[in-house]
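Two complexes come next, and they have one chain in common, chain A, joined by chain B in the first and chain C in the second.
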Partner chain A sequence: MDTAPSNPLPPCPVGPDSLIAIKRQQTNPARWNGANWAAFAVALRAAEVELLESLAACGAFATDAGGTAYGMPHGVVIARDARQISNLLKTAQEHGVPVTVRGGGLTTEGESVAFGGVLLDMTGMSRVKSIDAAALTVRTECGIFWHSLAEELRREGLDYLSAPLNLTSTVGGSLNVGGIDVNSPRLGCSADQAVALQVVTPTGDIVECSETERADLFQRVILGYGQFGVITEATLKVRRYTPLRMHYFYYSSLRTAVEDLQILDRNDASDYSGILTIMDSAVNLLVAFDSDEREAAFNAKWRARLRGHGEFGFALRAIPRYALRPWKWPEALYLWQRKRQLFPEFRRPEYLRDGLMHDRTVVFSRAVWKFWGSRQMVIPDLATSAEKFIKAVERGNAVCRKYFPYYTLYCVGIKLRGDHKPHYEMSCIPPDATGWAYGCEFEPVMDRVYSRDHLQSFKNEIYDIGVNLGASYYRFGGMMKGYIRRALGDEVVDRHLAMKRKADPAMILNRDVIF
Partner chain B sequence: MMPAAQRADFAACSGCSLCLLVCPAWRRTRDLRDTPHGRAKALQHGVAVVELKESIESCTLCGACEPVCPENIDLVGMLLELRRQLPPMILTRNITTNMQAERPRENVTLSASTPALVAGGMYFGRPALLARIKTLLGSARGITVANDNGADIALALEIGATVPPQRIERFLAPLRAHKTIVLTDGLLLRQVRAWLPEARVAGLGEALGALAPLRRQLRAGDLYVIDPRAYHADHERLVTHYDGLRAETGCTLNLDLQRIAIPATARSLRQRLGADAIDDAPQLRWLLQGRTIARIVVESESDRFAIGQLCTLPVVHLAELADDPSSPEGKQS
Partner chain C sequence: MRNVDVIIVGASLSAAAAAKRLTDAGLETVVLERKSLPRHKICSGILSPRGHRFLIENFGPLPREALHEPTSCRGVTFHFPSMVSMSMDFFGGTTPHLHRKYSDHWAIKQSRAEVHDETSFAALEDRGDHVLVHARKNGEPVEYRARYVIGADGPSSLVTRAVYPDYPKQIPWFFVGQKFHDIIDCPLDQQYFHFWFHPDLGHYTWSHARDGRQIVGVGFKRGDNFAAKHANVVNYLSEKHGVKLKEHTDDEGCAENFGPSLINRYVFGKGNVLITGQAAGFLNMIGEGMSCALHSGAISGEAIVEARLRNRPVQELYRRMIASEVRRTTDQWNPLKIAFDRPHEADFPAALMALSWRERTKVLRDMWRFVVLYKEFKWGRQILRAALQRPLLGGYSMQPWR
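Here is the complex of A and B:
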């Protein structure tokens, strides 16, 4: 049974029924006071590290994709190689200057925003070092965008395994936070694809690590939110490129769709699966395959068991449902308009050849930015075990309905690797998940300008569900710090804090994300 | 594409970084400041235009960033405007003065139903190629080659010089008689389309590529190099045109996974003006990397020249395809 913890605080004046049990945090951490900056800048330049202090350089990194957390670095370093980063971290340790690492900056809680100190822009290190087509691995610098990596791999007929469905997250950023794709129910998250890493530790040592070499460091750095080192290079597993055979099934019930999603995942019935909704009224379960054989096996065994409908069948069922409820006509109109905008985007002829979808990440990412992107993006999420997932989605959905007229849910499973349990500790993978973890993102459509308080209250209410259910989160950082401790418990956070203090004596690297 | 006036400006930039993925200037420096993202964010923070000089001059004006920008920002227009706001170079002042003095040059117009061809200076330097283009494009009704090719206007746009309205009018006056105008310069094309919205304005590549005899010469093993400026200026429509070309002929296009054209060269303004040394090799290497090709077919004469300098593969202008001895029909003739 769920029990809401008692609230020690007076009700929030903006969202009186939110912030349950969670002390209201500052959205932005306080800005670092700049002590020693001038001496640091001199020392850094003496170490031959270029430091940019102009407004043009610093201003570009004032916020992240979320656009709600604002900071301003004192200076920017564009990553060029491990040696330069090593010099930066050594000098920063000496002078106690915080360094915030940024990949694509697609965080939404300010994790990649520097609230003073140095912003290390990893995209300066974005070259592929080598591709081994026989061993199916690639060695790459870690500031590379997944899409740029895909461009290089495709010239060799290869593709990465799994990566976020957006083009501008970087390999390094994703190895730190997870990296979930619609093939993660089968292949796991991006962080699980790393075979070996080059890491610059917070004290400036340049080291190689893997399951067999400095395994402790490897385990901490993977899914480590940049606490235990800067990932400069990675060897990743890759695969042969294949276009997709896509199928869409439409549901009017979230619960039924989630149940069907989990049936498919448990039975390895598809190569890709995920749920994308228009509110909770049109729930789309997408299922896709890498080969005709896998598609045929699905058609023979699983297709008829799914309770969703094709586009036409869904429309036929929706008409009487709305016809009898005139107060729901605005919602029906929105669904219809949204469908008219969205569907052609997923069927653009240049990506759909002979019934196969090519370059899925381009198709999805374009749609994500076109239809959900804006200068403010609020995407709180919940990550739970398979068993708790439906409850988390339904409760989160109710919160979305309360705060916004229009929103989208994105749900996907993550296959877990038994041997990676140490990697998962204190990450988006909830401690009680076995086999699969499930994530749901709750993304309001910004149909108008919402106040920061409105957005913050919404996020708090979603995150409260996590505390209440014993879940985890994909997004750490900023005001999430309080939640991490509550959701994951003092013991684990304190143990990691002790390790962090040892590895990073001046606590300079990626402050304010977890600790 | 939506008219520039209706499109967003830098204030709308969300910082999504999608423009970086396609930007050859970023590929060269891996420095966010040299991208639309970097410039837009700097301007949002009130940075003075003159402080962005290096960034503004690093842009190749390939136009690749515009179709991928989800905020629909007029990125090329914005860049041209920023160049106009920079303190003028000597060249900028001279060109404006010269344009004011420019005398009208009448075209010998065959008839309104003939297309007009506005060919850049390079084509006049290769009379055989120009003659071939005229024959191909004018086969049905003849073609009018514009006496005034607007080269000074194209240069003025590129360097940020103000083009006097009278000069624009003198350039456009003879073109107004034509329903179809074909241009070899992608930057000028973009402007002519805005200035003459009633006319059908096409790039040379699109116009030639629509001709069946030329399409028949394309084959698997060809790398077809689309002229980026013309293509990105009308991406939404042309992406279908070129996808059809690929499907029909089996040729490989210089498109990336987002169907954005990878330029053969990525020259900054200073390189174009000869102030900095040109180094086309890294960009060309990226264009060719991992591709098995036997021949390169280009839409733009300047690409033919640049690629030919560095590459041992045969490089053929699209208009010359039928004359290429390695073409099936070329061999017969």
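Here is the complex of A and C:
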């Protein structure tokens, strides 16, 4: 007996589309062939743009934080001002040379890696231009790291609204991809705080845009993945600095913790909230407040309704759970060791005084690098509507369990602004989200080295959940090009592609990131 | 003497994958190939979908000249002595039928590494902070000084012999030969790769169509007679499957190392010399070695990039990183994985369940008889040990690796 299946053959049985179940594609595309490079280099230097072509200069940008994609640019330009970038883009348009823009290089799928062409390093533009304490705005160059901006703002008694936890990202990079923080449930993503931008378009025009001036460009550039221009300066909303009053609640169930997080967000019960876990074994709901009044209101109305426990209560419940499961003792030991290392870091006396956390910027950023960071950042994520979020977290958690012994989940809500709907189209914000979107980062503890294939397979399984649930990916700097059409649909992508072709005729700016 | 970052010995798919990783990271890489490129390579050419994906992702769409006719293969068909046949489509879709002469040349060119063909590797000296590589080009000696060396020169690897002179004596060797026949009548479906679990035919018996001819191949323990073994298979195909073929017009064969993947005894090199691909022992079940060669080759390149970035010993990193590929490859031979999971790229359990109870019994009995053929190699305990390690350790022990 012959049990031959009878599926029809694809039109091209050896083409990329013939890969039915294997969706991963082009993590490491072919290098640009270098056509016209010599003429371009001469023209660029004639336009007084310094171009570095040494192996050392190019090699410094060979990979991004994700560490799974490597590529060498033909040359590097360090950003100095908008005029220089304008000259670069005009010359690149003329010669058809790709330009890849890089901020902190914290992308995870090679989006800020130049596979040939020019790499534009924006960190050369890192000055704060002006701070208006009365209007609560700051004008800054966009290659500045968030921690440097925070430092400047603190001198004036001010603070940013929302920035990525990893503060070695740049302001420009975050405006392009999203950026979230534990105050995003109240204040939205980092990109939402931009009031006005100076942008160099792909054809080299230097333009100012905002909600009222060239609004169409403003909408495309914010959360635009660098497709419609290079953001050189931004005016951001800021706020008065306040220390934080922190509370921690511990859960043994992801579902319960996520439900409580969403209750807090829906009812505006806290100023900051988020979930950080050690695997799915110790789930920490972090709640914080800017004022005694808000804290008191929380204590009076919401604290008793939360199903989490204090540190001691959680430990009491965990002991019998592990005592009855000897095969889980190594995990219990890891939890205990992790607690011993991690907790003091959040309570260092130089940052915690009278129960108030000062410099959350430093505390969180330090902890991120010390306990979750490594030379390689492998952080796929999912962004969903509130309704789908628990399912996404649980499925992603199962994938983490399959690939890594130890990992962390970081969950946070993102308040959506109705007036920013045009920004959100084809962005990290899932189209079906209303009120809040929710994001979860899946972060393996990189205590050992893994092959790129292993890491990429892990990320693909997480991304597949997103496609399956109709979700998006909130860092989006970390979403693979191959997933964008499947996540957002051909209609939206083709419409944006048409706009991109119009704005960037030679398709030179950040090619291969989305289109 | 040429001074480079990395020398890769061999210009096959694993070499191309390693070279791609290295040149992407800006490392000066030279590939040494003893033959003139493009060179002939003995191979069935049936790549797994996972390998197909790797080629597309890393080197781009395949050029037509890199493919034989039929250009693709949709799956495998297992044939058993009880005359039950099971066809299984690959999960990942159809996969290319590679013309290794041109596909390997295309891949190595796409890697952008510098290729020195007609240059035979002769010996190496690991000096701690660099490796001296001695080679010959047109009979003249040439020397290279490299920070690292990757041996990607196939099962009879000269680099492996240079690092482990006693290794070839420690593993059983097989001979795998194939003959090309013009077809009179062949009822075997051309869209599938056909494999026989038949102990009387050989340790590895297969047939598939290529460029209007039919390949009949057989693998056996080295020392046996190829002509007799092959004639036996041709007669069997004629009698049992109605395959009528003319006398063969071409034949070829090579030595193969089937054992290391099966019993987790890979060789990965010493010091600054890494061994990868089939030279290290990677071979998927049904003898497909290209996909694991591509992935392991890439990992050897990644390990060197990481070693430079982290300033750590390359062997330590390579062995940690290669663990994922060892899991994928050795899982395919692991009886527990085969019984309770889906380690292959085609669904054997589903095809088995599609059979009647009676046929299932026959298939399992035939497979057992086939496995008994390998009894003389005394791999049973090692297979069992590896199979048990998998659920207990979450992977395979690094201890048996060299």
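In this text, the second predicted complex is superposed on the first by the 488 of 515 C-alpha atoms of A that agree within 3 Å, B and C clash if a C-alpha of one lies under 4 Å from a C-alpha of the other, contacts with A are read in each partner's own complex, and residues count from 1 in each chain.
FYI, a residue touches a chain if its C-beta (ideal position, glycine included) is under 8 Å from a C-beta of that chain, and two chains touch if they have at least 3 such contacts.
In this text, all values refer to a predicted model and were calculated from it rather than measured experimentally.
When the two complexes are overlaid on their common chain A, residue A:Val449 makes contact with chain C while staying clear of chain B. Once the two complexes are overlaid on the shared chain, A:Arg31 sits against chain C while remaining clear of chain B.
Of the two partner chains placed by superposition, chain B and chain C are both touched by A:Ala62. In the superposition on chain A, A:Arg375 contacts both chain B and chain C. Legend: residue contacts after superposition of the two complexes on their common chain; A:His147 is shown touching chain B, with no touch to chain C.
Of the two partner chains placed around the shared chain by superposition, neither chain B nor chain C is touched by A:Glu293.
Legend: residue contacts after superposition of the two complexes on their common chain; A:Glu350 is shown touching chain B, with no touch to chain C. When both complexes are overlaid on chain A, the residue A:Tyr70 reaches chain C alone and has no touch with chain B. Using the contact criterion defined above for the overlaid structures, shared-chain residue A:Thr123 touches chain B, although it does not reach chain C.
Residues 55, 59, 62-63, 375 of chain A lie at the contact with chain B in one complex and at the contact with chain C in the other. Here chain A touches chain B in the complex through residues 54-57, 59-60, 62-63, 65, 67, 78, 104-105, 121, 123-126, 145, 147-148, 150-152, 154-156, 167-168, 349-350, 353, 359, 362, 366, 369-370, 373-375, going by the rule given at the top.
Contact residues of chain C toward chain A in the complex are 20-21, 24-26, 49-50, 52-53, 56-62, 67, 71-72, 74-75, 77, 84-89, 91-96, 110, 112, 189, 191-192, 295, 298-299, 302, 305-306, 309-310, 317, 320-325, 351, 354-356, 359, 394. Interface of chain A with chain C (complex): residues 1-5, 7, 9-10, 13-16, 18-22, 24-31, 55, 58-59, 62-63, 70-72, 375, 405, 448-454. The touching residues of chain B, when paired with chain A in their complex, are 12, 14-18, 20-21, 30-33, 37-38, 41-42, 44-47, 51-52, 55, 70-71, 239-240, 243, 247, 256-259, 289-291.
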